[in-house]
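Presented below is the structure to which this report refers.
Chain naming follows the written order as A, B, C and D, and within any one chain the residues start at number 1.
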Amino acid sequence: MLDSGAFVRFENVGFSYGDGPEVLHDIDFTLEPGTFHFLTGTSGAGKSSLLRLMYLAERPSRGVIRLFGRDTASLSRMEAPVLRRRIGVVFQDFRLLQHLSAFDNVALPLRVASVGETEIRQHVGELLTWVGLADALDARPATLSGGEQQRLAIARAVVARPDLLVADEPTGNVDDHNAQRMMRLFQNAHNYGATVVVATHNAQLVKRYNYPQLHLDSGRLNILPVALPPVPHAGPAQMQLPANG
Amino acid sequence: MFRRHYDLPLGRDGSGRLVPWIVALMSYLATLAIAAALALGILAWRWTEGVAGAITVLLPPAIEDGAAVNVKAEDARVEQARKALGELPGIGAVEALDAADVARRLEPWLGAGAAPGDLPLPRLLVVRAQRGIKPDLAAMSRAMTEIAPGAVVDDHGVWRAELARLAARVTALAGFAVLLIALSGSAVVVFAVRSGLAVHRDTIEVLHLIGAHDDYITRQFRNHTMWLSVIGGMIGWALLIATGAFCYQAAESLDPALLPRMGLAPWQWVALGAVPAALSFLGMMAIASAAAKRTVRRALAKLV
Amino acid sequence: MFRRHYDLPLGRDGSGRLVPWIVALMSYLATLAIAAALALGILAWRWTEGVAGAITVLLPPAIEDGAAVNVKAEDARVEQARKALGELPGIGAVEALDAADVARRLEPWLGAGAAPGDLPLPRLLVVRAQRGIKPDLAAMSRAMTEIAPGAVVDDHGVWRAELARLAARVTALAGFAVLLIALSGSAVVVFAVRSGLAVHRDTIEVLHLIGAHDDYITRQFRNHTMWLSVIGGMIGWALLIATGAFCYQAAESLDPALLPRMGLAPWQWVALGAVPAALSFLGMMAIASAAAKRTVRRALAKLV
Amino acid sequence: MLDSGAFVRFENVGFSYGDGPEVLHDIDFTLEPGTFHFLTGTSGAGKSSLLRLMYLAERPSRGVIRLFGRDTASLSRMEAPVLRRRIGVVFQDFRLLQHLSAFDNVALPLRVASVGETEIRQHVGELLTWVGLADALDARPATLSGGEQQRLAIARAVVARPDLLVADEPTGNVDDHNAQRMMRLFQNAHNYGATVVVATHNAQLVKRYNYPQLHLDSGRLNILPVALPPVPHAGPAQMQLPANG
């Protein structure tokens, strides 16, 4: 297979919600394992929609999506969850479970994957300390501030050491200082080998970290390579421009 | 089977508060309906049994000249008949009613003033056949006519058929009521569980996207719903025990002469309540858990 | 009164789907219970009325020498008695049973073989008093004894008292059942409405913060719940009409000889269903709307 | 009364959620009518809590809050809604009504205030066009992108021309271009006389628009006056430092 090593491969993907207009047109790109990309574009350009396809929340209307070398269209109901556990997601609207404590929210991906409780306790505790929520282990999401909820959502996405980390506007509710802390979490995941895609409006952030961009313009994708030499600890993402891109 | 740790907000939402009460009420009503059907069935059965097993032998009054009744001669004939019947095969107990008994039995028809001796009344013997044996009516009739010409032997065939028909009808009606209540009860439980779970669609979606297998999600909802049903069952039991005690008291205080008695021992009464209760609780639990499962499966099926 | 435009997500959520069904079922059950109580009451009343209004006159058999019955003499005496009774004040219809009638009435006790003539049986006259008048039993008794010594006049006083007691008990029991069903029904409706509305707490809060008066919010919920109740009522009506038709058919097909008849015209049957139905629907609607109001008020009271 | 003209006056306000720790301490400030302030502070500092007090979603644990010259503690249940209608709020989590169309969401404050339907139709239509949602009048919030939802929330806050406009992180989900459009909406409200308070993490925004800041530092308020000459079209907000500030 041509793209057997490719982690994420979109082939001529089009997507529309229900019978609505197509919001993504002819999306065609490959992300090699261990790369880090920003996903940019104006509001309503289709960033969240593209990510939803990537984390298997939606199926493309046309075209093929391959994840970890598998055609996602052929996944059975038993196989899909196994694939999903390799993907960490920060939802734009957080999607924390309101009835669970901060701790249990972060522990959820581990529990779903049947990780032991002792390991969970240690791992989750550490991570919550890192995102600055050490005092809020037992707090319900509703009693957290907007930024605290966002940090909790990020912790839940990275806790299971996913192979693919997908974050939708993960720094919209935190200040610059915290945004950098969160970026360090993503870089950390990147360093241990995860493929990372971060959708953001924050031009500042994109400029500072200077990873290659997937840029959406009303549903069409352009790939912008890095403008300047990359920051030392995060080598330039390897881009493979599709022939018909 | 019951996970200590639920990922789902069960027990803290509307559905958590509603389902037990609906299960309680529905299984309570279903139990009452089943118990009523059973009780009616038993009653009808005892009634027909009571009449069917009994054969009435009627000896015409022994009248001397004028209109005076020779009580002594009658008593002798009754005794003679009783002996003769006892010697026939298949005959169990033979009960002879004295003149006063007969008068009392006829009282509703003849008026309270009809004292024995005033009127020439026939004498009655009530013969019980041995269990499972159909006695030879012709032989009995022959034996009786020998003792008292004009004696009549009657096994109440007409009445028996009528009563059997009535009993069947009443039981069918009660059964229909049970069916109706069970159906509507199930419908309400299904609706309650489904509308309760509809609230959790977002949670189901998050669990799904995090990589939970369908079973992982379904099991939690089903177990929790079962648990709610058990609570509902307990409430239903409490209601039932109260109702049972009340009904037992009320039935006891009714004049026994007027209503056919059930003739059940207290433990039989308890069984009469416990069996339908167990049935309907199990039924409601099965329905609730099936509803939970189906709802979650449908919610999941909508997700990719 | 019903705003065309709701700001609340009513009708699209779980509560919207559940409430009509619960109201339907509950008002259906309540109606059945009330109707059953009413029917039992009417039945018991007719029963006691029927027995109470009737006075039985019993003329002893006219026996000639030996044991032969002088049927002609008896017929003459019965005719004489009938005339005498007709002349007394307060007496309505007088019905004379011939020997065969009497034998049939006694059949359950004497056996089917007891043909008239075989046994010396008393003759019966059934006397109906005029409506509202208590006839003079002593005068009747005197007149009868003149015609046939040993005649008995009986107004079934004992039976009447017993039956009145029974009727009162049965009606009380049915009333208790109505109360029970009404209470538990209300509880379920209250729970359903409350748990349905609990889902809308966020919406209530937003409306509150935007500056909606408490009444503005409460009214929408209450109106919507009323509307759901009306739908539920319609479903309940459909169920009731089906059940009523079935019961009417079933009652008609039962052997009229065995059960005391209600003796109601079809329109009376309809009234028997319509009145409790209207009562319980109005009740359930009132309960549902009160529950909605109370729930929203409580949710609002928690907000500053 | 000393502060009869004051629009918003906090006197020694302390606040805690339920029995929890105090999240706001000794807050004491006055906002004159027609001023424009940013509310800044790190995540969890208490910005949203302060705003919740301001838009009457919570009551202070101690101290006095005066709005439009009225002591809010003495408001009856009939008076409070009338006061609330003079306040427009952009919630940090949007709080759009999911069952209503975009149009009906924006129309809600007008409907609550019994404005006529013709007026509503014209006014709401115009506003939705301005925030770039002219094509989405009938869309449910769930079918809008994150930024579109945020713009909808802002439209709902300003539609009734409130005297006090309170926005909690109103630009977290929109790009720079849209953020400036939204700021222009707030400035517009400011221009016709509204008092505006915008809580934000966006240092960029604060720097560019250079309005005075209410700065929260772990529950304590500092007022930072404008650093540079204000931008021309938005005169410097008049600050009245409390004696014991």
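Convention: a contact is a pair of C-beta atoms (placed from the backbone, for glycine too) under 8 Å apart; a residue touches a chain by one contact, two chains touch by 3 or more.
As the structure is a computational prediction, the values presented were derived from the model and not from experiment.
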{"item": "Shared chain contacts [chain B and chain D, defined touch]", "value": "A, C"}
{"item": "Touching both chain A and chain D (chains)", "value": "none"}
{"item": "Most distant chain from chain B by Cα centroid", "value": "D"}
{"item": "Approximate Å spacing (C-alpha centroids) for the pair chain B, chain C", "value": "22"}
{"item": "Rounded Å distance, chain C centre to chain D centre (Cα mean)", "value": "66"}
{"item": "Distance from chain C to chain A - Cα centre to Cα centre, in angstrom", "value": "70"}
{"item": "Overlap residues in chain C, where contacts from two or more other chains coincide", "value": "none"}
{"item": "Touching two or more other chains - residues of chain A", "value": "none"}
{"item": "Category of the chain touch graph - line, ring, star, complete, other", "value": "ring"}
{"item": "Inter-chain touch pairs (all)", "value": "A-B, A-D, B-C, C-D"}
{"item": "Touch list for chain D against partner chain A, complex", "value": "17, 20, 42-44, 47-48, 92-93, 132, 143-148, 151, 168-169, 172-178, 201, 203-204"}
{"item": "Chain B contact footprint on chain A (complex, rising order)", "value": "55-59, 77-78, 80-85, 87, 89, 95, 97-100, 104, 108-109, 111-113"}
{"item": "Interfacial residue positions of chain B with respect to chain C in the complex", "value": "13-15, 17-18, 21-22, 25, 28-29, 56, 58, 60-61, 63, 65, 67, 102, 105-106, 108-114, 118-120, 122, 124, 150, 152-154, 156-159, 162, 165-166, 169, 173, 176, 180, 184, 187-188, 191-192, 194-196, 198-199, 239, 243, 246, 250, 253-255, 257-259"}
{"item": "Chain D-facing residues of chain C, complex", "value": "5, 7-9, 12, 202-203, 205-214, 216, 303-304"}
